[in-house]
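Every chain is named by a letter (A, B, C and D) in the order it is written, and numbering of its residues begins at 1.
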Amino acid sequence: MDYLEVPVRVRYADTDKMGIVYYGTYPQYFEIGRTELMRSKGLAYRAVEEMGYHLVVSGMEIKYHSSATYDDVLIVRVRVADIQSRGITFHYLILKDGQRVVEGKTKHICVNADWKAVRIPPAISELFIDAGHQ
Amino acid sequence: MDYLEVPVRVRYADTDKMGIVYYGTYPQYFEIGRTELMRSKGLAYRAVEEMGYHLVVSGMEIKYHSSATYDDVLIVRVRVADIQSRGITFHYLILKDGQRVVEGKTKHICVNADWKAVRIPPAISELFIDAGHQ
Amino acid sequence: MDYLEVPVRVRYADTDKMGIVYYGTYPQYFEIGRTELMRSKGLAYRAVEEMGYHLVVSGMEIKYHSSATYDDVLIVRVRVADIQSRGITFHYLILKDGQRVVEGKTKHICVNADWKAVRIPPAISELFIDAGHQ
Amino acid sequence: MDYLEVPVRVRYADTDKMGIVYYGTYPQYFEIGRTELMRSKGLAYRAVEEMGYHLVVSGMEIKYHSSATYDDVLIVRVRVADIQSRGITFHYLILKDGQRVVEGKTKHICVNADWKAVRIPPAISELFIDAGHQ
């Protein structure tokens, strides 16, 4: 299992009047997770965009198990669950004190500067395939 | 088919540096949709909370078909897809000029003031069962 | 006095764990106000950007008088307080049931496609000068 | 000068279609700054709320000097600029590579569990007065 754990401290702004993290905030934590996963592999996502590509989100699934609140330090455990020539799936497990808060995945396709779907460039796919995700 | 269509104009804040609506903004549009659906049935969600209940999100799925941007007027077409004694599922279709932008659903459970999962109170469930969702 | 009143319904996402609208949400309501003010004058802000200009925010001041919460319908009363060759200031008063919630202003400069500060193009400045703001 | 420097990495969600950090995101960075400043003094803000108090924002001023974008690591330099029996003012300077991005301040009053304005409890005020802010 090849994953990265990224700590995220909950901002006050991330909560809602229920007193907990708003359900629509978790996609931001996922994004932080995959940003750091790519950086840890040696290719920052901002460099991907500078190369003229975007990994556009085509789908997302989230299961909410328990809640988190302001000032909690959450752990975003992120890994590539699947990579194909034209798609990549990230999986996320968000933990608080070792307990599951949220589990999710996001599917991405690669588009070029003209917003055309393209094969994922080797510079990106090799990051994960070398790590045994095929 | 018993649904409501709710227009939402995209805020500048809803977009990201890709120039389009951030993928984590759509849950906010879903929330606007179900707020207005409940109001249209005669029970505002704020009244549900004043009664001491919350419809907590337990799961969400989203498919992203195309993009939207600042100032677009989107239509959130929302309906109750399923209602059980302890759970309710909302379905959402977000349209721009008649074209699908995003499709999704959210599953909810009902909790009381002590955050214990409870049967959905009749005041809520009857709104949708009367409408033929069973 | 030449102002526009724009209704904004508070999203659940706009609130925080204090149970009220997060203090950092109000700039989004200001943005909605000036978007609609420009549209009402005949030039949508998205058209300004399509012409290659941005009205970049250079300063903001906010006074918080009272609070608002989920589902409230707020009125954003917006006007141009000052317009110069190189700057424009919008003033906002946000009301709830006729009571002041927030008061603020934002100062903007105009930049072109190369992000150079430029004189405000007549297409924009005339919208407000014709209305007596000089 | 008694300040704290807090690094904040810009989330993709924090940006807008102009390609830079949305002007309404900076209050979130201020909030992160004062959260960490209080923690560094020995009293986490979440503990303040658990004691039944809130430091409600009554005013904010921001000057925007330059822009920041996704993945930038900003430094939030935060200090208490003024403290009175009933009010406290924080000052913020946000830097990117040593250059000013944004400067701002927020004024706060203290309210109790009944939302009545009260004198700032010694447990809070002493944190800053001991440090020479009077």
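The rule we apply is simple: a contact is a pair of C-beta atoms (placed from the backbone, for glycine too) under 8 Å apart; a residue touches a chain by one contact, two chains touch by 3 or more.
Every value quoted in this text rests on a predicted model; they were computed, and no experiment measured them.
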Study note, to complete from the structure: Of B-C and C-D, the pair with more C-beta contacts is C-D
Practice item. Compare the CA centroid of chain C with every other chain's and tell me the farthest one. Key: A
Practice item. Just give me the whole-number Å value for how far the CA centre of chain C lies from that of chain D. Key: 24
Exercise for review: Find the geometric centre of each of chain A and chain C from their Cα atoms only, then give the gap between the two centres in Å, rounded to an integer.
Suggested key: 34
**Study point:** chain B-chain C separation of Cα centroids, rounded to whole Å
**Key:** 28
Exercise for review: List, in ascending order, every residue of chain C touching at least 2 other chains.
Suggested key: 12-13, 18, 24, 27-28, 31, 70
Revision key, fill the gap. Within the complex, chain D is touched by chain C residues 18, 23-28, 31, 54, 56-64, 106
Point to revise | Residue ranges of chain B touching chain D (in the complex, touch as defined) | key: 12-13, 15-20, 22, 24, 69-70
Point to revise | chain A residues within the chain D interface of the complex | key: 9, 11-13, 27-28, 31-32, 35, 44-46, 70-71
